[in-house]
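The two complexes that follow have subunit A in common; it is paired with subunit B in the first and with subunit C in the second.
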Partner chain A sequence: MNQVLSKPPSMQADLAACRRDFPALSLQINGSPLVFLDSAASSQQPNSVIDAVANYHRNSHANVHRGVHTLSHRATEAYEGARDVIAAFIGAGNRSEVIFTSGTTESINLVAQSFCRPMLARGDTILLTHLEHHSNIVPWQLLCDQTGAKLLVTPIDETGSLDLAIFDKQIAGGVSMLAMAHVSNALGTVLPLEHMISRAHEHGVPVLVDGAQAVPHMDVDVKSLDCDFYAFSGHKMFGPTGIGILYARSEHLERMPPYKGGGDMILEVRFDGTTYNELPYKFEAGTPNISGAVGLGAAINYMKSIGMDRIAAHEADLLTYMTQRLSEIPGIRLIGTAKTKASVQSFLLDDIHPHDLGTILDHQGVAIRTGHHCAMPVMEFFGVPGTARASLALYNNRDDIDRLVSSLTKAKEIFG
Partner chain B sequence: MNEIEQAQREVIDEFSLFDNWMDRYQYLIDLGKRLPDLTAAEKTDDNKIRGCQSQVWFVAEQSGDRLNFRAISDAAIVSGLIAILLRIYSGKRVNEIIDTPPDFIAALQLEQHLSPTRSNGLASMLKAIRHMAADAQGSR
Partner chain C sequence: MYKMSTDELRELYRELILDHARSPRHFGKLPEVTHSADGLNPLCGDKLKLYLRIGDDDRIQDAAFEGSGCAISVASASLLTDTIIGMRPTEAQSFAGALIHRLTGKQTNVELGKLRALEGVREFPSRIKCATLAWHAMNSAIRQDKVPASTE
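What follows is the complex of A and B.
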């Protein structure tokens, strides 16, 4: 019974077996066993995902929604079956509210161009937060260039938390759209979605949530969040690259024009006019990433077999341990110290450049991310060109953190 | 053996003294830390090399048929690589800079021992050096 597993060590022992499901975690890198602490960039894949994709290619591959032959049926069943798995996983009311995209970036661009562009006029405002990844900034800047709308940004404090008092004023000041992260990729801050979404809706503002850094780490239910749009990527949640999801309320999707034109998104094509297909196919032009969808479905089944609550508890324990161990290193500066965080710690060590640190850690088999993390405004706020970032996933353990700390101590020696 | 080949030979001999990656890096870092900085006025966008993950600024000054380089990075290991590049290429004849193959990269195992983005940075710096030399040759 899960309830019995209340102590962190037993929790850890409990998830320890999962590590063996990920073949990449057995690699030797530069003569040392790999310690993978870069899952926020892209997570490793378990055998069940790798096998599902390979089995699909071996036994079920053909184009979807087209042929009458057996393989086409199998491919369609695999692809649509994955949609059902995803819809259930995020609590979408209806499978047609789940659109396959190439990833979070495309999902956000789709909403910007298809939902927002037709409704925006010159001078309208789109509200973002200072914590956003570039993929939740640049699509809105493009939209502003196209429509004459302008961006408004909710500021953060020195812990990396949003200033909610300012947000409350901004959202009440006539905003057309709110777009924000669920979890900050650079700092790990968990945004207070419940508060922000309910405030936005009080003022009639639709909300897009960039959930790329949340879905691998916690239970996400789009209906209870009450968001209008929720975007995420397969490759950050143990699935393949090149596949992602846009959840959108069907009332919005029905009114939105197609984002891309092509095959599979039409009912009837004539040179004097075309009738679009029903949801969700209206937004899935061309042959989709079928194997990616199959892999994403398998990744979700894998996460469900462990349980999101257990994953969240395991990672919360590890993050506390990592933060504590890192803060014991003389000369460390932790960046991002919000009260509510998930899976990420950014830091600097002495005056060592993050890229130098990443290079020395790689030589010891420890993989971290270094740089601006596609969140330059966050770096600018803290007055740094970049940081080193260690990020966790369900397969990490305390040994990984200990190796991180010892490799940082070694780096301190080398840099003297 | 031209002057650049001679300088490459010396650098290769020097690095052959180290038999593990840590010593090699420690040496690179020491070289980087001792590299004279550029002035704030020289650290312009125009002097920045694209293709490096860390920031790198290069300044070239022509003196007769020779080119002098000064450069710096905000990352110590990259500054160490710059120090090696300056030893090999700075103050050398323009035509030799253009014509001499960079054999030291393979000999120092820099490709294998530097992360991909970093060896891209090295490639970008070499390209910039040759580009500046080509410009100098064109202007003569």
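What follows is the complex of A and C.
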């Protein structure tokens, strides 16, 4: 991401107008204008998303794929139209490789249960990294309990970067599956996917990428990444909660058994046997989150209208500014200082507990996340119970960072 | 819309609280523990272990705690140990009940003494659990619960 840093400074002014698209950003919190620095947990929604969901409910709602009446047709068009938008956005070759789920968590569980479980035997190995979110750890632990497979973990160094020399040895040592984040939610490290995926494929290892923290911030193209599976969540990319995506290569999907059973995923049901529907419907049992899909489609159109390159450049500039301003505060300890990073900075200040920092900042209208960020192994590695984390999105600006810094100064004052 | 003043923050982080958070009393293990319990606040990762020694005279002869947490939860645990040593377990429990009552915004006739320093949390709903964690742990230690006290 370094080359984008040199883009002209007008970038800053350029994205300033976007802020007005997000009604939540004009809220007053505890008497001060909101500074929202917690988009890595869940981002705010622009009017276009809020309106798309409301309009869908007003004018187009019925169940999908089941009625001959007009509203059912509209709902189906809206839902399937969103799938096309998403497929194009991530560069999926085929719309049937895009499966709607409830979020990253469900996408990962689907792959663990439906793709991996049938192929694993006792003693097989699943390789993860030390950076993973709990939702890319626990599904694999469940799978290990079910199959007798075991986990192997690629370690990180004190900057929060992976030890690639160790990874290269691990991946060559007989691994059945590799699952890793694209961007670490706790540290912001961008993983060297190109290297890792090509090594994995040299050894015939399928790869799942947890892209929850990447898709809102950078151009993602699943074909050029050459991953087998890519998972992400709508609510971290300006869309609604309860909707997410699993991209999977159709060659895998075709061989995978359904993850859940129910309506919509079948062609024919008889008590002596059921034929499953074609892709992607085989993996979408039951009435889906139609309005969520519509909202996610609208969120992607919004991001595309700005341009992922501009978003990435804007955020790279802001992250540099944030890191610099934070490091000027006496007593700050930055956690996560990898060379290639995106969007987040974890930190500690003096010996103030992150939870206390969170309260003091909130009192001044500044929203950050505090705690273990669902990445307890990362916290353990750094020997801390948790951190304070400021995370950026396209709508943040330098003023937000100045407010963050001044509210941290206030915290220092209170704790004397 | 009214602007919250920093007075509320000063109310929350009173000198007494900061003092107990910085140098907690009775911090560490206890010899000859008779009762103990873990307290967990999964939301913020506060984790403490409370130790009691209850004598044949039905008095809490000593109390101590270990663990890590925010200023509010550490100060509260420290104040707890200061307060309950010498009490009967039933007295400590009813004191805990009154304090929890008070911190969640209700009235109580019990004289809370220096524990009133915790009253600042009433303006910070997300922090009430931090202030009550040690007290829940004490209750479960006295009851000899099998599972850790949790604020969730």
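Everything below uses one rule, namely that the second predicted complex is superposed on the first by the 407 of 416 C-alpha atoms of A that agree within 3 Å, B and C clash if a C-alpha of one lies under 4 Å from a C-alpha of the other, contacts with A are read in each partner's own complex, and residues count from 1 in each chain.
Throughout what follows, contacts are C-beta pairs under 8 Å (C-beta built on N, C-alpha and C of every residue); 3 or more make two chains touch, one makes a residue touch a chain.
Every value quoted in this text rests on a predicted model; they were computed, and no experiment measured them.
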| item | value |
| --- | --- |
| Fit or clash between subunit C and subunit B when superposed on subunit A | clash |
| Partner chain in contact with A:Gly383 - subunit B first, subunit C second, else both or neither | neither |
| Partner chain in contact with A:Gly273 - subunit B first, subunit C second, else both or neither | neither |
| Partner chain in contact with A:Ser32 - subunit B first, subunit C second, else both or neither | second |
| Winner by number of subunit A residues touched, once subunit B and subunit C are compared | C |
| Those residues of subunit A which subunit B touches in one complex and subunit C touches in the other | 30, 352-353, 355-356, 359-360, 363, 370-371, 385, 414-416 |
| List of subunit A residues in touch with subunit C within their complex | 28, 30-32, 352-356, 359-360, 363, 370-372, 385-386, 410, 414-416 |
| In the complex, subunit C residues that touch subunit A | 1-4, 6, 8-10, 12-13, 18, 43-47, 68-72, 124, 126-127, 130 |
| Subunit B contact footprint on subunit A (complex, rising order) | 30, 352-353, 355-356, 358-360, 362-363, 370-371, 385, 414-416 |
| For the subunit B and subunit A complex, residues of the former touching the latter | 21-22, 25-26, 29, 53-55, 74-78, 113-115, 117-118 |
